[in-house]
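Please find the structures below.
In what comes next, chain A is part of two complexes: it sits with chain B in the first one and with chain C in the second one.
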Partner chain A sequence: MASTLGPRHGAASLMATSASTTLFRRLTWEGTVPLEIRVDSKELPANSNRGLECYFIQAARVSYLPLLVPDVKKFLVDVVLDEEGAKILKEEDWWFEAEDGSPLKWHWPIGLLYDSHTIAATIRPNHTTDPIPLKLVLHLALPPTDKLLLVPSAEACKQAFMGQLKEADFIRWGSTKRMTSLRKAEQDGIWEGIKEHNFDDYWRVASKVTPTTIPARSQSPPPGPGSLHTRPPSVDPGTTTTAPDKDGASSVRSVPVRIYLPDGPVLQELAPPLLDGERPHTVSRFLTSTLPLLFPETGKRHAYALVQGVVCPPETELSWLGACMAGADGWVNICIGISSG
Partner chain B sequence: MASSSPDTHTRALPTAWTAQENLENIAEALNALETYNKKDASKVVVRFKAVGNAPIMRQNFYKITASNRFQAVIQFLRRELGWKAGDPLFTYINLAFSPAPDDTVSNLYKSFSTDGHLIVNYSTTAAWG
Partner chain C sequence: MSLTRPQFERACKLLLEGDDSCTPWSWKSHQAFQHLGYLERTVSIPVKSPGNPLDETVEILVEEDDSAAVNSSPNFLSWDQYIVYSPSFGVPAFYFIVWDQQGVQLTLDQLLQSGVFRFDSSTKLDKTPFGVSEPGSAFPLLSQGDHPVLGIRCWHFHPCESSTAVDELVNDVIIPTASEDDRLRCWMEMWFLVLGSAVNF
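Right after this comes the complex of A and B.
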């Protein structure tokens, strides 16, 4: 399972990644959120078991709505529909609608849909802070193809996912070489890892394109033999240098990060891992420079940052987030909520 | 070990003035959100570059409103090329990746522009997958 190649041989392996990086990657991977999927009863065929058409699931944050379709279909066939009803199901016409009536962005990871719903609640009066399920309506027919930018098939979902991985690759390194140098089997494998929700299968490939991070500060000299660094084979191990690891989280041009405002726009700004080449860039400094009205340099802040459902301490380093708590598509999604006091 | 003091068993309700302060804080935050919600009306330069057999347009540089989604750029390109909705059209940024249709031109420009413009490649076949 885990590669037996040591760090010197360059193949980024789980063994060469620090234990805490792996821990946080696994925690992110195992995160789930509650969804309540209600089928539009107007679209249920006759003789359906009405009153049961609500499907509850604790869905993986790193997964996607189109990947839930097989499970929902099985539920409908087993519980709600009779034989005739089951025969006329056409998954290619299925689409999801949000509580506010808009078609859901099915190409967003489920965790992001949920966090976005959480922060939207923070600007509504008298909202509760208890976690409530994200309520979706599943339509079985008549997808609004003019509003739905893409049809939510599993194949389209895969293409969208790969596109986001490549965009993240480009943000980090200024090219998509790392992604395009993956063999086709590996590219397919990374998506299979998502579909089957298999951490090892996903990271077997993802570790080749995702920067890793080391526990020590980036300015310290590289650790000796038995290091937890990953090094490409071309780096001469005899060279002593204080330069950060070439493929490490602090060497990227920019961390792929997006900021989501409640019911609001998505912002994408360049986020270099180090400010002035030295100080690690933190969530606090990044938000102050991007959203100074909500995160003033001094004075009380009335907003907070949510990453993978966790409130982010302000001193969290962006490079660390990029290596440990990004979504499966490579992006760190920071959702901004308004504090209620 | 439970203390015998009665105070520890009650949650102090917010006093009137802290509740007011709360409302003010939230109002301030909502005002800030209003500012950030405003659509960026500025325009950025998009440069369309044909790939492979795709036809080259007479005009390649266009000023596009920054707050537009990339989907609008795709539709604009279709109209300029005179292509119908069903005709295959693949678009890429910097010959590298296809952005999500709801990515804004503003965000793409900030992250990927070169020499003051955003390069959008277009092709009739899937090139970079």
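Right after this comes the complex of A and C.
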């Protein structure tokens, strides 16, 4: 659906999206990682089928652990527990433990948990680069009382997710108007899209708040069916001037981005899409300014950047990442792995 | 006005110069990333007994080096307090954990009963097991979050609305020709004032 009107024609044309943007968003959406969820055998009721308490799943990167709980519960009831054991299951006592013995940050997207596990391995001796499942322990009882622990319920997860989405909105535009102007049904629809893992349902609403890229001139194929996407005026022949794309990826104040280290705090710094208002801000420049020892301006670099499981080319533009490869919560999570040798 | 991280650090250090509270704050920074700093302190608060609301005039803070002795008393809670920088909103944010005498962290319901907050009974609040919100607000007023430097899970007050309230107070108090240091010190003092309307410091 082509449009020759200005950017303010309507909600759909505000967020014109190229086919390549949609492609990368879909690739991000469809990405999965292997999880091995083992139930703590000490907490299994008597008469359980011991030896079968491991649940394997190729989980969506953009999803969250609490959303896997119903499937895990079904597995336990169908395969592991007898009738009596199934009756005494109390999900409000469930909690996940990471490989290092700490309570798992289940409010992180699954893809981030996995990439964090990947980069943590890069500082261990003799680590392998082969992809290995992220191994989690599911405890059915006795959540630790000396740490603040929230029950990994879907409702708590939703609240945490919506908070991240609004925070990303604020970082981009200096206000949360885009998110708060969505009707409640639309806000709920974003979460439902994640719960049901439905790309179209999610992006039907998310496209109203997520910046998009300016598409390449006239080479992009027309948008596919079922999409709200339109071609922006700049693509149409005969347009002599291009109005500034106020909702484009390069127009944001800052790209919502966080940096995760193998062993260190989560870093968050201002990430404007352009440097000096002109040069695209690339991953390379961003990491050089944030982690100059690992990413010196010249000379050998001792680390690499992983985004959605993909090693990021240094010239990748932050604005493009924000539009195409952010998580469902709007955040670009850059995980830093240490290069071997 | 939003603060840069260096401004936040400067404002905190100016505040420390004039800190005369019973339990003073101290500035800490990450071992490897020195620019990631925050204020912290631990105070002890008496356990509220049912039917006997915490009297605001009660001297509830004790010297930090006596806290170990006090915490071994069965009648006190231990309150870890952190003032950290919110890089998203460019303002300070208040993170905290409250422990009971057995070293168990308080739940939200227990926190609301503890006397830590000054929520007015007439204030309408939406409460879930994982947070407290004011109706119609974009963000929860109180919810859980990861301490930006330590990474530990804490309760925190959402910082998004504090800047506007603080700016209004600062503009009433500070003269336009005030120095940067005076403005930063005043900003932090007013921020504590705003936070103090909800938290029983």
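We take it that the second predicted complex is superposed on the first by the 294 of 341 C-alpha atoms of A that agree within 3 Å, B and C clash if a C-alpha of one lies under 4 Å from a C-alpha of the other, contacts with A are read in each partner's own complex, and residues count from 1 in each chain.
Simple rule for what comes next: a contact is a pair of C-beta atoms (placed from the backbone, for glycine too) under 8 Å apart; a residue touches a chain by one contact, two chains touch by 3 or more.
These figures come from a predicted structure and were not determined experimentally.
*Asks:* Using the touch definition from the top, say if A:T180 reaches chain B (first), chain C (second), both or neither.
*Replies:* both
*Asks:* Using the superposition on chain A described above, determine whether A:K166 touches chain B (first), chain C (second), both, or neither.
*Replies:* In the superposition, A:K166 touches chain B and chain C alike.
*Asks:* Count the residues of chain A touched by chain B and by chain C, then name the partner with the higher count.
*Replies:* Chain A has more residues touched by B than by the other partner.
*Asks:* Thinking of the overlay built on chain A, is A:P70 touched by chain B (first), by chain C (second), by both, or by neither?
*Replies:* Touch partners of A:P70: none, neither chain B nor chain C.
*Asks:* Quick one: is A:H302 in contact with chain B, with chain C, with both, or with neither? Answer first, second, both or neither.
*Replies:* first
*Asks:* Once the shared chain is lined up, is A:P265 touching chain B (first), chain C (second), both, or neither of them?
*Replies:* A:P265 contacts both chain B and chain C.
*Asks:* Just checking: does A:P131 make contact with chain B only, chain C only, both, or neither of them? Give me first, second, both or neither.
*Replies:* Neither: A:P131 stays clear of chain B and chain C.
*Asks:* Looking at the overlay, what does A:A156 touch: chain B (first), chain C (second), both, or neither?
*Replies:* A:A156 sits against chain C, while chain B stays out of touch.
*Asks:* If you stack the two complexes on chain A, which partner ends up touching A:L294: first (chain B), second (chain C), both, or neither?
*Replies:* Only chain B is touched by A:L294; chain C is not.
*Asks:* Which residues form the common part of the chain A surface touched by chain B and by chain C?
*Replies:* 105, 149-150, 159-160, 163, 166-167, 170-171, 176, 180, 264-270
*Asks:* State the interface residues of chain B toward chain A in the complex, per the touch definition above.
*Replies:* Where chain B meets chain A, its residues are 14, 18, 21-22, 25-26, 28-33, 35-37, 71, 93-94, 96-104, 107-108, 110-112, 128-129.
*Asks:* Hey, which residues of chain C end up touching chain A in the complex?
*Replies:* 30, 32-33, 36, 87-89, 97, 103-105, 128-131, 138-140, 143-144, 146, 148-155, 160
*Asks:* Show me the residue ranges of chain A that touch chain B in the complex, using the header's touch definition.
*Replies:* 105, 107, 123, 149-150, 159-160, 162-164, 166-167, 169-171, 175-176, 180, 254, 258, 261-262, 264-270, 291, 293-294, 300, 302-303, 338-341
*Asks:* Which chain A residues qualify as touching chain C in the complex?
*Replies:* Where chain A meets chain C, its residues are 103, 105, 145-151, 155-156, 159-160, 163, 166-167, 170-171, 176, 179-180, 256, 264-270.
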